[in-house]
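One chain, chain A, links the two complexes that follow: it is found with chain B in the first and with chain C in the second.
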Partner chain A sequence: MDPTVVGYLALEGLVVGSVYALTALGLALVYGLLRVLHVAHAGVYAVGAYCGWIAFDFGHSLTLALVAGAAGAAVVGVFLDWWFYRPLADRPPLVPLIGSIGLFLAAGDLLRIVFGPYQHSLPAMNAAPLVSVGGVTVNATQIFVLAGTIVLLLVVYWISAWTRLGLAWRSIAQDRETAAAMGINIPRHTALAFAVASAIAGIAGVMVAVYYNQLSPTMGNEPAYKTLAIVVLGGLGNVWGTVAAALLLGVVESIAGAFAGNYFPPQAVAFVALILVLLFRPQGLFGR
Partner chain B sequence: MCKRLLLALALVVSPIIGAQAQDTVTVGVLAPLSGFAAADGKSAVTSIRLAAKTINDRGGLMGRKIDLKVYDDQADPKQAVNFARRLVEQDHASFVIGASYSGATLAAAPVLNKNHVPMMAAYAVAPDITMDKPYVFRVGLMGPVEGRVGAMLAGKLGASKVGMVNLKNDFGQALQQGFESQAKSQGLDIVFSDTYPLGNKNFTSMLVRMKTKQPDVVYASGYYSDAANLVRQAQSVGIQAPIIGQDGYDSPKFIELGGDAANGVYITTQLDRDSDHADVQHFLDAYKSETGEAADMVGATAYAALEVMAKAVDQAGSLDGDAVRRTLAGTTDVETVAGHVYKWNDHGDPIKTATVQVIRNGEFHRYMNVTDQDLLTP
Partner chain C sequence: MYVLTLVTLLLIYAALALSLNLITGLAGQVTLGHAAFFGIGAYTLAFLVAHGLGFWPALLAGGVAAGVTGLLLGAISLRLRDDFLAIATIAINFVVVALFLYLPFFGGAFGMSGIEAPFGDTGTLIVAVVLFGLTAVLHEVIRASDLGLALIALRESEDAAGALGVDVKRFKVTAFSLGTAVAGVAGGVYAVYVGVIHPHDFGFPLSVTLLAMVAIGGMGTFRGPIAGAIVLGGFAQAFSFIHNYQLVLYGLLLALVMRYRSQGLLGRRE
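Here is the complex of A and B:
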């Protein structure tokens, strides 16, 4: 096999996997704290992309688009926690799950009704090759997604390992009652988790919109199901396992698409992996 | 007293309503206004309304105004069947414009054919739509014909080695089949060929494998949002060979989403923006002033479908399904906003011109018009 082809496959896989990682990470964080699968997170991601698009149209600045995407998504995320998940906290877990699926569908249709069924463009960068690494050309959008993902992952690592907020999240995830008894304000820390998770998803939405130069009302559909598979692969609620699973899925999909795409759709990799993991390793690839 | 008044009112009003019904011609429209194909449905219905307005402004159909009955079939065959029945049974449509995708149009066609209601399909490509249905016609180009035109263009661009990227659905397969048969007769060498599923976003690995075969021209089938990704990624991996697309690319959105990478892309299509034909310029201007956006191929074929039916009705001097059908079958040389139709063949498919447009400075422009009837006959 031609080594440059392998290089391109790895590059494409890492870029796609980075975006999976950023969206799935929020899902893992929320699951860790609430034990709820926050399917509407993919809707928050799409809303973030649209916020970034509006800001870019307005100011023609990528920084402004990223800030607007993060802020818009964070506001929606905190609102969902406060208005939707908190009132349902005492119901069986199926209730918030089904409601969350409904919210996700509503988000897509709302975007369609307000902004039209068409794709929109976010032309912040063009796709012309920028540098060549061993025969593999890399363009600005790919560097943007990879570098942005590394920065965001470092931020999340810093919050979770070095701040009191991270400590509080870990204690809530381990034992909610004891954490509350120790004086940790659970609603406040949960809201902050929603804010951080949603802001990251919003930035991921803007990144995808820049990478493909496209955003559409249905852009959340693919992350909606793939992130579910990823958080299970990563070991439910295990944030770093989730990140590793996301990158792995991106690369495997890229390779499967290149060599078996005609017989086996790469979109199905996530589900096959999900089924295999549930059968043989239900704690997840990286769970204990 | 009150009752008597109402009765009197009814007696006075009913002839007026009746007269109004007599003064209009009901034309059915099936188009996807919601769901995944909503953008195309919107373009088609906007264009049909413009065509109806143009016809009504010049006196209507045999002196009667066109009254459009538009149903949103969501490009779903089940919905299309139900709405086709409603158009026949409740609305008593004189004829129907099929402005939806192949699946939905294919489902509606037999219902209309059985009830002897003529149908004109706009941009649906499936060959079966018109097959064995004397009342069903089409105004758009057939997939295999467009594929042949693509291969002719590849030869014209001086290519001897072609790389193919094919969309895996009926549209992509029809194009591929047409392209391959013509490529063979022209002696073109297909050095790479692979397929992708609808909605695919990542073409890099496919394009890199193609690049190693050094094609002179890339023939890639698809719809504009996937195609925009494809041309961006071709630019990113450094493929310099010209890319040939088809009317699936034909949307101002392709240029918007493809950005700089869209420049230099050729498409085989039906709407010639640089046509000096008055109807085409009228359509382009009217669409632009109605929506603020540039018209596309879907809109042009939908506009042409109503235009052609109106001409047939006027020529037949009757709204009777049989008379309209016979007139259409015998019609030759009709100029439409979606090209010149030489005639309709026995299936009801058009033998018509195609146009090759190239994108320069973010705009579609004519590269050449294709009038070779041997190449264009389905």
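Here is the complex of A and C:
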């Protein structure tokens, strides 16, 4: 194995893993608060990408695209919480899960019907090589995704560790009844969690569209099931474990796909790892 | 003939939905990987028939293969609950489909073709009727038996059932192996019904549809899963004139039923 090739693959994997991390993070946050698997989150991510694409077409500004992606996704996410998840809070987990899968399918197909089944391009950035690290050239779009991910992760860390909002989230996740008894407005804080989680997924959607210079109605399909595997690998509801698992998965997939892609599909990595983890470490790779 | 073909398919779906209902509806174990067992049955039959085995023994072998794999899933379910189990079953579904794709003797993406229906189309319909009939009888016998009561107790509260002396482990595994074995037999019937099978016929989307049949019809009931199988199985046919909107309508149907009638169309609210 040529170390430069491995380095290149690892970089590529890190970029993909960053996107996994940003989408899976929302899933972990929502799971922590509501104990539901928000599969439709991957639909929110795709909607965000399309909002960014429309905004870019309109204003030719990357900043505008990112803001539009975040705002569009946040609106959809908050709506789903208010209309769908909140009324179903006391039903068995299967009920919101099936409905969420339905919402995800409907969202992707709605994008196809409205914007066409083909790919669109989002030429906001040139993938020019910028720097070289030990023989591995890093281009501008990769730095864009990695830097964007770091910034968003820092924002989430700041919210969860240093603000009253984060404190409320942690207390709801720990004990819902006690939190309510302490006067924490659970519906409002949950709605805010959906807003933050969805905005991040929307930005991730725009970043992916810029990175590959393409977006399509099926772009949410892979994240939809992969993020499920990631949140369990990271320890269900554990946000930082989820981020670590996402980055790890991105890198392993990328390297395994290049060297062993003929023997097994790289998409299966997540699930084989998942089955092993569930059997031997059900609290997740990074759970306690 | 069109009607004959449709009825055969709906009967297979109804048997599948009932088999899933044993696991999810009665025992309360959420699985999103039932299509994998359907596929194991179909592939086992196709492989054995291609190697000279007769239809009936191959059909039986498909059921056994699926049931044994289901036993494994049952063992996993002893360690996992609710959401964890649901995600694990998704994982199993993806891994099984990957095996169909990558094991050389299963024909890769082209699948396995030329699976002959031993008794012609009408014969397959009769086999499907028998499959459905036997599954229905099995379902009702179990539901009325001590096993059924134990499974329902398990669904309502695993801890309470255990405390009252229900052998939780044994009954969970029993539910999984029975349900998946029936799915395997249904897969064998499906293989001769379509004549050609591909890995992606048994993917995660079908598992979602199967679980949706049970949930939309009414979990834990007898008529619910059958009605769900007819509604969702017939959905593609009924809405073929607006096939461009089929998926979005299907998705919305799942979301709306869960939102406004979460016990299912024919289920009773506790």
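Basically, the second predicted complex is superposed on the first by the 288 of 288 C-alpha atoms of A that agree within 3 Å, B and C clash if a C-alpha of one lies under 4 Å from a C-alpha of the other, contacts with A are read in each partner's own complex, and residues count from 1 in each chain.
As a working rule, a contact is a pair of C-beta atoms (placed from the backbone, for glycine too) under 8 Å apart; a residue touches a chain by one contact, two chains touch by 3 or more.
Just so it is clear, the model here is predicted, and its values are computed rather than measured.
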| said: With both complexes overlaid on chain A, does A:184 touch chain B (first), chain C (second), both or neither? | reply: neither
| Touching partner for A:252 - first (chain B), second (chain C), both, neither | neither
| said: Under the stated touch criterion, which partner chain does A:119 make contact with: chain B (first), chain C (second), both, or neither? | reply: first
| Of chain B and chain C, the chain that contacts the larger number of chain A residues | C
| task | For A:167, decide between first (touching chain B), second (touching chain C), both and neither. | result | neither
| said: In the overlaid three-chain picture, which partner chain does A:265 touch, first (chain B) or second (chain C), both, or neither? | reply: both
| Should A:87 be classified as contacting the first partner (chain B), the second (chain C), both, or neither? | second
| request: Would you tell me the residues on chain A in contact with chain B in one complex that are also in contact with chain C in the other? | output: 265, 267
| query | What residues of chain A sit close enough to touch chain B in their complex? | reply | 2, 4-5, 8-9, 11-12, 16, 112, 116-119, 121, 123, 126-129, 137, 139, 142, 212-214, 216, 218, 254, 257-258, 261-262, 265, 267
| task | Using the touch definition up top, name the residues of chain A that touch chain C in the complex. | result | 31, 35, 37, 83-84, 87-88, 91, 93-110, 113, 225, 228-229, 232, 236, 263-265, 267-268, 270-272, 274-275, 278-279, 282
| remark: Listed in rising order, chain C residues that touch chain A in their complex are 24, 30, 76, 79-80, 82-84, 86-88, 90-92, 94-95, 98, 101-102, 204, 208, 211-212, 215, 219, 244-245, 247-248, 250-259, 262
| query | For chain B, which residues count as touching chain A in their complex? | reply | 34, 36, 38-39, 42, 168, 194-197, 200-202, 204-206, 208-209, 212, 225, 228-229, 232-233, 235-238, 253, 256-261
